[in-house]
Amino acid sequence: MIRTLLALIICATPLFAQQIGNPTAQDGVIPPRGFFAIRNAKIVTVSGPDIENGTIVIRDGKIEAVGANVSVPAGAQTIDGSGLSVYPGMIDAGTNMGLVEVPQGASGTVDLSEVGDLNPNAKAIIAVNPHSAHIAVTRVEGITNTLTAPTGGLISGQATLINLLGTSPKEMAVVPQLALVINYPRIGFGGGGFGGFQQQAPQSLAETLTANERQIDQIRKLLRDAEAYGRAQDAYAKDKSLPRPDRNVVLEPLVPYVRGEQPVIFRADREAEIRGALRFADEMKLKPIILGGNDAAKVATLLKEKNVPVILTGIFSLPAREDDAYDALYETAAKLQQAGVRYCISTGDAGAEVRNLAQYAGMAAAFGLSRADAVKAVTLYPAQILNVADRLGSIETGKMANLVITDGDLLEIRTRIRYLLIDGRPVVLSSRHTELNDAFKNRK
Amino acid sequence: MKQFISRLLFLAIITTLPVNAARAQRPAAPETLIRNATVLTVTHGTLQNTDVLMRNGKIAAIGKNLNASANARVIDGTGKYVMPGIIDCHSHSMLDTINEGTLAVTSMVRTEDVLNPTDVDLYRELAGGVTTLNLLHGSANPIGGLNTVVKIKYGRPAGEFLFPGAMPGIKFALGENVKRSSQPNQPGVTRRYPNTRMGVEEVIRDAFTRARDYKRTWDEYREAAKKDKNLIPPRRDLQLEPLVEILEGKRYVHAHCYIASEILMLINLADEFGFKIKTFQHVLEGYKVAKEIAAHGAGASIFADSWAYKIEAYDAIPYNAAIMTRAGVVVSMNSDSDERARRLNIEAAKAMHWGDLTEEQALKLVTLNPAIQLGIQDRVGSIDVGKDADLAIWNGHPFSVYSRVDTTLIDGEVFFDREKDLARRPELAKERAALEQAEPNRPRTQGQSPPTSRRRPSGHEDDDIEIEKP
Amino acid sequence: MPKVRSRLIVVSALLFLFAGTSYAQRSAIDTYAITNARIVTVSGPVIDRGTVVVRNGLIVAAGANITAPSDARVIDGTGLTVYPGLIDSYTNLALPEAAPSPSPGGAGGGGFFLQTQQQRPAAGPNSTQPVGLQPEVMVEDVIRPGGTEIEASRNVGITTALTSPRSGIWMGQSALINLAGETPQQMIVRSPVAMHVGFTPLRGGGYPGSLLGVFSTLRQMMLDAQRYRDSLQMYERAPRGMRRPETDRSLAALIPVIDGRMPVVMLANSEREIARALDLGAEFKLKLIIAGGREADRVADRLVKQNVPVLLSLNLPKRTTAALPEADPEPLRVLRERVEAQQTAGKLAKAGVRFAFQSGSLTNVSDLMGNARITIENGLQAVDAVRAFTIWPAEILGVQNQLGSIEVGKIANLTVTRGDLFDRNSRVAHVFIDGRQVDIRPPAGGVGPGRNTLSGTWTANVNLGQGDRAITLTLQQEGERLTGSMAGPLGAGEISNGSASNTGEVKFTVSVNVEGQTKEATFTGRLANNEIRGNVAIVGSAPGTFTATRATQPN
C-alpha cells in the first residue's frame, strides 16, 4: 500500500523524477548482526561511570561485555576506538517518524491522523514506512530509536517504539504497541493535539467549560466501556455459560491501558491541561505520561508526587505567552531535574527535524541541566519512561546493541558519528542526503 | 472614602513603577570596555585574552590591556567569547502583516510601513545574540514588497530600528507559494495568475518590460522638459519605481526559491534584463546549480538543514552551505522564523558538521556574509575598529551547543543582559500584582472566558503563512 | 470643487421647503434668557452668577450684569451651570444604517462574495475607484436628522458632533452637525470638515488586501492627485494643443488634502499606528488630525512638533473577561494599556498636545462623562476637560468663531447642568441647539419596564464579508439599558452604548479585532422570534450582518 502510494507520487510529481537512488531501501536486506569488539574507546555507559579506555563486545545483537578490562574474544571483528567515544543510541520519545514523508502538498504521504475523535485502534506500527528517507537521515545523526505516535482527535491511537533500521515494520519494532496517545482537551480549544491549533477561540465562560468537560467525558465513556468489555471477555473466558460478548476492534486495544498495564500518553502543554490529565489519569487509574509539557515546571511538585514522567517536546518552541521569560522553555528540563521529576527530551517533530535531538538536549544543558543529565535525557531517561530500560538507553551487558561511536561529545554540533550499530547490526552512514551530496558536490 | 484611599494608594504604586520596564536604558555610557575575552573577529581570526573598546557606538580599539576612560562601563570578559552581532538575512519579526497577496506584483508595498517595535520575539532574538534583521515581505507573489533592514533596538520607536545606509531591497518569490499550491480552488473564483513556474517567469518578465518602458518614458520626459516647460510629467508609478531601481543597480533582489530549474530561470531572466539577484533565499537546491549562482554573482541565504516540509523542499540537503561556499557563492544562514532566529549560532555551526566548513567560514554565515548580502558590510559583520559596536558576548564558544548569550550590544548600548533579565523578573511580578488591582483590569463576574495562549508553531513560516502575533 | 449632487439631495431640498417654514415661524419665539446661573464661558473667566441671552440662534449677551430682554423666555438658572454646547469630535451620528455586506475591491471584481451583496455603502457615482477608496464621498449627502442615537447624545449634553463616513480607506469627507434640526441642511454647521482615512484593507480579494497595500494605495492616489492637479492647472493656462486631462472625481477630492487646505483625520490608537500616520502626514505635508489616540501620549513630542491634534476617544478599555483559574494571565502589556489609557488625556495636556474628546462610539454616552471624570482623576485638569469638549474641538475642526465658548455672536449651543459637568451626581438640565431648547431625558438606566428579555447568552454569526464567524454575546438587559460582553474570534470585549427598545430594537457597540486592528463595531438589530438580526457597522471598514440566536437561558 505504502509502496503504491509512493509510486503514485513519483509518477504524479515531476519533481520526483530528479530523485536518485534511496539508500534506505538497503537493497531490501537488513544487515546481519555482527560480532564486534570496540577497543580503546571512551565508553559513556550513562547508567554508570564513564570508562575512559574500555572495550565493548557485541554479539547477537546484544552487548555481551563492557568494561575497562574486557578481553576481545576470538573471532570478533575489532573496531579501533582510539580517540572515539561510545554512547548508547539516542531515543526520541515524541515523534511521528515514518508516518509522514512530506507534510504539505503531498497528503498521500501523510498517515498521521485518522478521521474522528476516538481512534484507539489506529496503530502507528501499521503505517510506519521503513523506506522513508527520514529514517536514514535521522539515524546517521546517532538517533537509533523513536517512539512514533499518531496524532489528532481525542484518542489518537497507539504509539510504537522502533529501531531506525529494518526493511519492514516488524523488523523495526521494539515494542509494536507501546502506549495509547490521548490529546488531553485544551480549555477553549478542541483537542489538545496538533489539531488544537486550528480550533476556535474561547466563547463564553460557561460554554468553554462545558465544551471541555464534554470532550473529557467522551474519552471517559470510551475507557469505561473498554473496562467493562475487558471484564466481560475475561468472565466469558472463565465461564463459557455466560453470553459470549462480541469482539470489538475499538475497545479491545484499550483493555491493557485501562487496566494500567501499559502507559497512556497525554499530550498536554499548559499547566491547566497537565493538571487535568493527572486528575483524569487518577480517576481512571491509568498509567500516565505527559507529552509536550511546556508548563511542566509549574506542576513539578504534583508530577513528582504522582511519579508521572514528562516527554518534553517544547525546548525549541517560542514561549506561548508574551510575558514568559525568554528562556522559559530552555530551562524546563533543568527545573524538572532539580525537582526530581522524571522526564526526557524530545524534538516532538514529525520526522525531518528529529535528527537535531542532540541540540535540544544541548540547549537544556546551556540553561541549567548538567551535561551528563542532558545525555541521559535522550538515552536512559526515555528508555525508562517507555519501560524499555532493560533493553535500551545505556551501555550495559545484556542490552540491545544500539550504539553510537563518535569523535567527541555526543551533543556537540561539530561532533561526527563514526560508527553506528542498531540491534548489533552495522549501519552504513549514508542517507538520501549524503547521496545527493555525493552526486552534486563535484559538479563543475 | 475607602475606595478613594485605595485608589490613591494604587496610583502611588503605579506611578512609581517604570512605565515600560522593557525599554532599554539610555543614554549609553560613552565608552564600554570588554576585558580579557576570546574575540571571534571573523576577519582576522580568534584573539585570546583580548579587550574590545567601544566608543560612541563604534568599535574603537581591539587589543591587550586597553585603557578606557574613568567612567567607561567595563565588562569582565574572562572566560567569555565575543562575536559580532548575528545578522538574520530573512526575518518577518515585527511585521504586523507579511503579505500583500492580492496581486502578483506588489513592489509598491513597503514593510517599513507595518513595523511593530513591541513584538516580544525581538527581545527573544536579542537573547540569541541577533542584532540585525532583514525584514522581508512574504512569498505570496513573484514580485513582492520592499524590505527593511533593522537593528533590534527593542524598546525604542520603530524609526530608531532602521539600519542607516542599508541597501534597499525587495522580495521576489518563485515556486509553490506564488503558484498558491496550497490554496484550494474556490467555486466561482478565478485563480490568481500565475499557476505554474512558466507563469511566474512571465509575470516577472512583464513587470521588467513595463519598468524599462517606464524608465524610458521618464528619461524622454526629462530630456524634453529641458526645452518645453509646459509638459505634463508622466505618472509616477510606485509599482514600477522599485523595478527601475533594480535595473539601475540601486536595489537588491532577495528571491525566495527552491528548485534548480526556477533558480536558473531567474538567473537567465536577470541576465537578459541586465540586473543582478543579490540573494537567493532558501534556495534549497542551490547545491545543484552552485556554479551558475556563483557565475551570476548572487549570494545564497539558506536554512542549515530544513527539508521535506513540502515537495519543493524534498531534495534539500544540509551540505548546501558547504557546496555553495566552495563554488564561490556568498552564503548566509537565516531563520525565516522568530523561533529559529534565537539559535542561528547553532545553525551556522551545522555547516562545520555537515560539509566541513572551517570555523571562520561557518562564522561568516551569520555575520559578515549576511552583511555583504545587505550592503552593510562596512558597518557590521565583523569585529574591526571603526565598525558598529554590535556584539554578542557568550559564556562559551558560540558554536558550542552548551553556550548561551550573556549580553547583546547594539551601537555600544546593552539591549540584552541576562543578569538584568533575571533581576527584573521579580519587579515585573510586582508590577503585575499592582496592575491587576486597577479598576479597568478587574475581572468581570459575567465576563467571557479568558483567552488561552495558542500553541505556537515553531517550524517553517516559509514566509507565506501569516503567523499570529501576540 | 464640484460637490456630489444626487437624487437624494433633491429630495432633501424639497423637504426643506416645507420643513423650513415651520422652523422660521418658531424661531420668532426662540429668545431665551438663562438667569442667575453659573456661566462657564471657556473663553473668559467663569461668571459665578450671570445671565446668557439667546436670540435668533445666536448668543447675544452673556455676563454678570445682563438683564433679560422683555420678550425672552426666562429660565431661572439658580443652581445651574451653563457650558458651551459640548462637541463630540468623532461620531457616525445621523448616518443611515450601515449597508450590509462589504464590497470587494474593484467595481468589476466579481467573485464569490459579491453574490450576497445587497447594497453598497455610500459611494460616489461614476467614481474611478472602488468603494473604500473614494475620497469624494461626502457625509453631507447622506445624513438624516432624528433618531435615537442623536437623542441619546443630546441627553448627555452633546450639541454638536463631527460625523464621518463609516468605512473605507479613503473614507470620505465629514461634516460638523448640530444635533437638532429637521433637515440635513439645518443640522450642518460646516461641511466638508475633513478627509477621513482608515487603514482597514479591502476584503474579498481586491487590492489592497493588507495593511501593506493600504499605505501604498494612499501614497499612489496622493501622487496621482498631485499630477492631476498640475495637469489641470496647465490645461487651464493653455488648453490649446494639449490633450485634456480626464475628469477624475476621486483625485479631485484629494487636491485640497494634498494642498494642505483640508485636514485629514486618520484613525490610529496604538503608538505605532499613530507614528505611521505621522510619517505619512509628514511625507505628503498633510494637515493631519489623529482620531482615537489611545497611546498618543507616547508620541506627544512628535505630535507637538508636527502640530498634529488628537481627537481622543473616551471609550476607555476595560477588562471584559471573567476570572478563571485555568486561564493564562493577561499580558502585562494589556494590563498597562488599560491603566495608561486613563492617563492619556492628562499627559497630552501637560505635553501641550492639542486634543478634543470624542465618544469613540459610546454614543448612548451614559458613560461619556463618567469616563471624562476618570481622565480627570488620572491627571487631566477639570478645566481642560471642559475645553476638550468645547473650544478645543472647535479650534481643531476650524469652527472656533462659531462654537466652543459662550461669547456674543457665537452659535447658541448651550449645555446646562445641575451640578458640575463631571460631578458624579450632576445631570443635564437643559440643552440649547441653534438657540432652541431641545427636549432631553435622563439617560436610560434603572428605569423602564424592567423587562429583561434580552438577558442571557447568545450565539451570533457575524458576516463581515469572509464567511460567518460565530461569536458569543452575554447580555444583561435592565429596562432600556443593555450591558454585557462579547467573545469569540473577533476578540473579546465589554459592550458599551447598549440599548433595547420595547419594540425590539437592539443596539450596542463593542471593540472587535479586524485585520489585526482593534475597531469599534456597532451592532444594530431587531429581536423577533427569539432571534436578533441586523447589521454590523465598523469604523473604518465595510459593514456586515449578524444573526444571533439564544444559547442558554440565564440562571
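Order as written gives the chain letters A, B and C; numbering starts at 1 within each chain.
The working rule: a contact is a pair of C-beta atoms (placed from the backbone, for glycine too) under 8 Å apart; a residue touches a chain by one contact, two chains touch by 3 or more.
For clarity, every value in this text was computed on a predicted model and none was experimentally measured.
Chemist: Going by C-alpha centres, which chain is most central here?
Modeler: Looking at where each chain's C-alpha mean falls, the closest to the middle is B.
Chemist: More C-beta pairs touching across which pair, A-C or A-B?
Modeler: A-B
Chemist: From the mean C-alpha coordinate of chain B to that of chain C, what's the distance rounded to whole Å?
Modeler: Here the centre of chain C sits 40 Å away from the centre of chain B.
Chemist: Using CA atom averages as chain centres, what separation in Å is found between chain A and chain C?
Modeler: Centres of chain A and chain C (C-alpha means) sit 59 Å apart.
Chemist: Quick one: chain A and chain B, Cα centre-to-centre, how many Å?
Modeler: So the centre of chain A lies 34 Å away from the centre of chain B.
Chemist: Mind pulling the residue numbers of chain B that touch at least two other chains?
Modeler: 428, 432, 447-453, 470 - these are the residues of chain B that touch more than one other chain.
Chemist: Residues of chain C that touch two or more other chains: which are they?
Modeler: Where chain C meets two or more other chains at a single residue, that happens at 322, 324, 326-329, 331-333, 472, 474, 487.
Chemist: Quick check: what residues of chain A touch more than one other chain, meaning two or more?
Modeler: 187, 201-205, 207, 270, 272, 320-323
Chemist: Going by the contact rule set out above, which residues of chain C touch chain B in the complex?
Modeler: 105, 110-112, 115, 205-213, 215-216, 219-220, 223-224, 227, 230-231, 234, 237-238, 242, 245, 271-272, 275-276, 279, 299, 316-324, 326-333, 335-336, 338-342, 377-378, 472, 474, 476, 484-487, 492, 494, 515-516
Chemist: For the complex, give me every residue of chain B touching chain C.
Modeler: 7, 11, 14, 19-20, 96-97, 99-103, 106, 108-111, 113-118, 137, 145, 157-159, 186-190, 230, 232-233, 235-238, 428, 431-432, 435-436, 438, 440-453, 469-470
Chemist: Could you pull out which chain A residues touch chain C in their complex?
Modeler: The touching residues are 187, 200-207, 270-272, 320-323.
Chemist: Can you check the complex and tell me which residues of chain C touch chain A?
Modeler: 322, 324-329, 331-333, 457, 459, 470-472, 474, 487-489, 551-552
Chemist: Where on chain A is chain B touching in the complex?
Modeler: Contacts found on chain A: 13, 15-16, 18-19, 101-106, 133-134, 137, 186-189, 196-197, 201-205, 207-209, 269-270, 272, 316-323, 325-327, 330, 351-353, 355-356, 358-359, 362-363, 365-367, 371, 411-416, 432-433, 436-437, 440-441, 443-444.
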